[in-house]
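Structures incoming, each one as structure tokens.
Okay, so chain A shows up in both of these, paired with chain B first and chain C after.
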Partner chain A sequence: MMKKRLMPLAAVAMLAISAIAAGSTQAVAKDAQSHYALVQTTLEQHILPHFAALRTAAAQLPEDVASTCRTGDDGAREKLTTAFRNTVLAWAGVSFVRFGPMSVDSRRERLSFWPDPRGIVNRQLRQVLASSDMAVADSITKQSAAVQGLPALEVLIEDRDVPLGPAPQSVFRCKLAEAIAVNISHIAEEIDTDWTKPGGWKDKMLRPGSDNEIYKEPRDAASELVKTLLTGFQLIADSEIKPQVEKKRGFDGPYAKANLSKAYYAAGITSLDKLYQVMGLENFLDEDKDWVKNWVGGAWRTLRESDGAGGAAAGVPKQYAPSLRKVFDMLTGIRKLVVGEMSQAAGLAVGFNELDGD
Partner chain B sequence: MSKQSALAATAFAAALAVAPISARAETAVADIVANYEAMAEAIFGDAAARARDLDKAIDALLAEPTKEKLDAARVAWKAARVPYMQSEGFRFGNKIVDDWEGKVNAWPLDEGLIDYVNADTYGDSSDENPLYIANVIANPKIQMGDKVVDAKKIDKALLVQLNTAMDVESNVTTGYHAIEFLLWGQDLNGTKPGAGNRPASDFDLKACTGGNCDRRGAYLKAATTLLIDDLDEMVGDWKVGGDARKAIDAQDDGGKLTVILTGIGSLSYGELAGERMKLGVILHDTEEEHDCFSDNTQNSHYYDQVGMMGIWNGHYDGATQVKGASIATLAHERVPEAAKRVDAALAATLTKMKAIKDKADSGEMAYDQMLAAGNDAGNKLVLDAVDALVVQARAVEAVVGALNLKIELEGSDSLDNPDAVGKQ
Partner chain C sequence: MNSMEIDRRALLLGTLAFVGGQANFAWAGGPRSDVAFVSAIRHGDGRFAVLLLAADGSIVREVPLSARGHDIALHWLSGRAVAFARRPGTFAVGFTIETGATPVVFTAASDRHFYGHGVFSHDGRLLYVSENDIPGGRGVIGIYDVAKGYKKIGEHPSHGVGPHEIILLDDGKTLAVANGGLDTVPDFERIDINRDAMQPSLTFVDAESGVLLAKHTLPAELKQLSIRHVAADAAGLVWFGAQWEGAQTEIPQVIGSAGTSRRVRLIEPPAAQCVDVKGYIGSVAASADRSIIAASAPKAGRVVYIDAASGTIKATSELKDVCGIAGEPGGQFAESSGFGVIRHEVPGAELISETQLSDVAFDNHLRRWG
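Moving on to the complex of A and B:
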């Protein structure tokens, strides 16, 4: 069977046609339609709900930090722990969706500066705490990304020596934690709004055309989503799994202080799994590529059985826990098949991403 | 820039053509590649020549440790960076360069492994690095876990042994930045004006400051001669019959072109825009400055861009001159709209880089000052260049797509190669 070769036409989106020879007009229109449908489905079933979930989870943080600081009681602290957990796990579901609203004003780094192999969060936060400079809390959005997001809030929440509460030694910490919580909530809200507002990023992706600066054709928007999927595989494989396999010195899993590393992995994989499924890239494969679907299906089963730390996922018998090496290989394997088989069959280009540097 | 892990983990590598590039009456791929290879040989050759100049200046400094000689060595170091930075566009597309790069340009480094540091600003320990303040220059024995390394004699072998010691990437003992630290010392000015200010007497055997001047001199000399060795190795790889040329020549035409474009795209986006520039601004942290001891970062970034433009246009204008068939010409012949977009993006980035360079060179605002929290104008200068680099990467990507080339992601070298997945 001939491989599909995508050409730019977007009848569906009523776009200008630039017909480059190859493939019939019908086939070209079909591709454009497929790409448009891929984008629409992915936005509606994955991207938008996940950012809405982050916004909702983060919105709870300011109140719960304030309450803990005011009362210092166990109930408030427990509520804050839950709100923090919910926000971190909602974040795990979108951490690899780095384009568009997430890329504005360094929102991603400001929300969650991780991985942090050089311990910048701890170093800079120590300096801020030592200064007790209220102006820093008042201008948190202007400070280093490392001290204004979830990892910094985690340090403050989890510090058992000087816990958040009404005690005099916690006054500055509370002021800082409250500012960070508000900042996190604002950023999550801004991202969600920038996606959904009229003329926002959702509209940009669904209305490609010559007057659209970013997406000229449906395939441009679809390619963006494929790159996002690949970024997800790469991030989990290289940032979460590989350092454990290599026994990297000083490696802390994501949000390890709050004991959320395993849950973070599970939330990330679940989100990535969903993204992969709703994108439906396998539908572009020719019939003789069933082996790809079979292999990928098996790989996903393996990934779902792992807790991301060498053990079994919740509800999976211990003896079925895949090794981290295997998890890494499965992530990398699916990524390679998305690049080498699926995106090619779908006529979608993968390009450079911000993980290219080292 | 390398943090020296068994990287290529995130670098783009092997490339295949989706459709073979057919032979037409147009710029031949063989000519483009031959010129690209000649450029690499020339640029690395110039880098090696400037490193030899640096070595001579260091000999003069060690023989006569005066401020004038130290200044001359610093000038030579900055001059040595000019051709080297132009070589960086060859890195990501060519595995042989990427694997080697950590020996010469690893950064950032925990300089306390090399020499004395200011404890107030640097601290005295790190959870991530047991050798954070090991200070090779002051200590003839280095404790590494349960092993003791004999550091009585500081020579090239010792520096190689200690580079990335204990699997910590910031344990950088070799290359440009180790030499930079020895010539300038720590920049203790934060985001205020001023670079490192090591006195020449740190190398004075008769009136030694900082202690261990003989060992400091030995370190500086060893690091510089090692740099020359490493650069010579890379020059050899790019000579006719060299391994770098062989690796490219073994690929089909599409693969060859993708090597060239991968180098430009990956350096633009993930490396330069991300690691080296954006991170410094969003963290407002001078530790994230590339040439942080010498305050030469504006030049390093600028010449990276000059190098990428040279690769695109097939033109190197250094001590050695090379000009010939280019991927730009081919792209203009085949996909003119996409090619024009790259031209425009490269020019726009150069303008932004030049603005940074001019501002820093004028003495009005050094690169590290641009990173300061609250310095909106400085932050903007850097972020404008970051944005331009991202646009540049996008434009290169468009050429990759328009030419029907395919960039393939590569997994981690240090783990199993999952190439076999399709065969399971």
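Moving on to the complex of A and C:
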């Protein structure tokens, strides 16, 4: 059974008032406790640590870009490569958590303008570089999202023709790279702060009530997390796996220039796996639904054997590498069972149109 | 770019032949079969279809779909209907309501995808479809010759990005287009690739020439308000329901109206009438006399009824995951939900009936036949 935690008194009181009959009061309160526990556990064990990790990783970028630009030596460059990798993989772990602080000021697009099937990052960055306009670097937050975040920084870091360094031809590039790095760090910091500050999004989710503009009851906050989980399955299946299966228009994987696509896929699936596990939705299923747990358990084992790009995960023999089609099917299969079985058992049924209308 | 030349003669026939007698056109045909409602659905086992329902909610017939559908365009006089794949799908299925003749499947051009909506010309010869020019990322209105098995004969610009619902106004010549502002490419399914640079608009386009008659954009602070669905009222104003793509803490009003010569006005309910729709309207529809506009809010589980003349909220009702909505005679509305419910009600008055279909999730839109 799901571990129960105490709800804030205000939330319990609100629920007691809203329930009409004594029987329904007990049922609603029981559900509310479960939903509250789900939210608290998920925030503590997944959402908050993952955003903190992004903030920590991104905080290293400005210093490492500056160091590379100042010295141009291999040690500094290697350190920057590591910092960039850490930030990209931390981002992969939260890229599907799109509500709350992430929804503010187009932070998601400004951090990671991907997918970019129209090649906007390259096009706009070329224009900026051609202009060598220092004012652009000074006002990076006012520029297009495409040149503000990690993909733009990737282009600058990975450009072997004009590498970041102290050479005269790199002066503007370095100015721009430093501005982007600072911007990435600031956005990651803002998101983390907006989650954790007093009255921030964590508090909104843990203190539902009539005076809460977003979450009136624990169910609302728990539903938000269920939707996030479902969004994660959908995004990874549709934007990361399926385009690899159906290569139609010259698909570029995420952060391919830095050779991070595989690691990005793996980090996303690992984070989704963790989110699924900490939410504990299986615990709401009745005993006669063991087949659901068994199927999902097998699906996660398959996903853990994949590198997300058609190969085997680290430590897994090559012959056990699941095909990308199988990875896609496992992701969509788990998603269907979360929608059709688990969310309903948890009293968190998400409507067909509410979840994915148009 | 699509180099297809528009067949001007076909366009003229399609747009002008029935001009002059189109007031309340939608209600002129009257029911000729048991079919009262049409909607795209999903079965419990994941199959997709269009359901043709009787007034009591019983299933008259089913047209299978290969993937998820969205809206259905109806033409009362010819008995034709077309179901569209939802964004960014590329198929549409033409069928007849009365006869059950073999459906006709047609597809978008290789460099186009559909946005889920379309509308027949008043004479039923042409079908206008909201589409995306994938390489160019610009909205277009595809024009199809119905008699030729829905052969594409041309296209107009939608004069915006991400055209969603399009309707033909009473003059039979003017298309109102909800340009949602969102760019999508099928390779990345439904992921919006330009949320930071959205420019939603409501455009009025000459159906024959494609000339832009009027374009209403939104102020900078509302650039992430995606205008998606439209319905015309008795005065000829076009009402829209939008979806907020910005911060959850900054949700604006998402229902508004505009005309060819009247700028956009969002509803401004007094504080006591402030209704939470979670920044998301899934569908809009007019009452039979078009004096009332209904807007469904599936994320809030709520329908908002607006008095079109005053622009004020007349009533609200609640139904979990409600999205499909259609006006009925007698001031009634029918609503459908993702949990298989069809409900009939009079705004602000009594609930008339409610039917629960098992194993059915009603998709975004509900259309009344007859």
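Things worth noting here:
The working rule: the second predicted complex is superposed on the first by the 327 of 358 C-alpha atoms of A that agree within 3 Å, B and C clash if a C-alpha of one lies under 4 Å from a C-alpha of the other, contacts with A are read in each partner's own complex, and residues count from 1 in each chain.
By our rule, a contact is a pair of C-beta atoms (placed from the backbone, for glycine too) under 8 Å apart; a residue touches a chain by one contact, two chains touch by 3 or more.
Keep in mind the model is a prediction, meaning the values are calculated, not measured.
Once chain A of one complex is fitted onto chain A of the other, the partner contacts of A:329 are limited to chain B, with no touch recorded for chain C. In the superposed model, A:133 makes contact with neither chain B nor chain C. Of the two partner chains, chain B is the only one touched by A:291; chain C is not. Using the contact criterion defined above for the overlaid structures, shared-chain residue A:118 touches chain B and also reaches chain C. Once the two complexes are laid over each other on the shared chain, residue contacts for A:144 go to chain B and to chain C alike. When both complexes are overlaid on chain A, the residue A:100 reaches chain C alone and has no touch with chain B. If you count the residues of chain A touched by chain B and by chain C, you find the higher number for B.
In the superposition on chain A, A:337 contacts chain B only, with no contact to chain C. In the overlay built on the shared chain, the residue A:158 is in contact with neither chain B nor chain C. Once the two complexes are laid over each other on the shared chain, residue contacts for A:242 go to chain B and to chain C alike.
Under the contact criterion defined above, the residues of chain A that touch both chain B in one complex and chain C in the other are 106, 109-110, 113, 117-118, 144-145, 238, 242, 246, 248-249, 336, 340, 349, 351-354, 356-358. Residues 99-100, 103-106, 108-110, 113, 115-118, 144-145, 213-214, 235, 238-239, 242-243, 246, 248-249, 251, 336, 340, 349, 351-354, 356-358 of chain A are the ones that touch chain C when the two sit in their complex. Remark: chain B residues 1-3, 5, 7, 9-12, 18, 92, 108, 123, 126-129, 166-170, 262, 265-266, 268-276, 278, 282-285, 287, 373-374, 393-394, 396-397, 400-401, 406-409, 411-412, 414-416, 418-419, 421-422, 424 touch chain A in the complex. On chain A, the positions that touch chain B within their shared complex are 106, 109-110, 113, 117-120, 122-124, 139, 142-146, 230, 234, 237-238, 242, 245-246, 248-250, 291-292, 295, 299, 325, 328-329, 332-333, 335-337, 339-340, 344, 349-358. Considering their complex, residues 42, 44, 46, 70, 86-87, 116, 137, 164, 183, 185, 187-191, 193, 195-197, 228, 246-249, 280, 282, 298-299, 301, 320-323, 337-339, 361-364 of chain C touch chain A.
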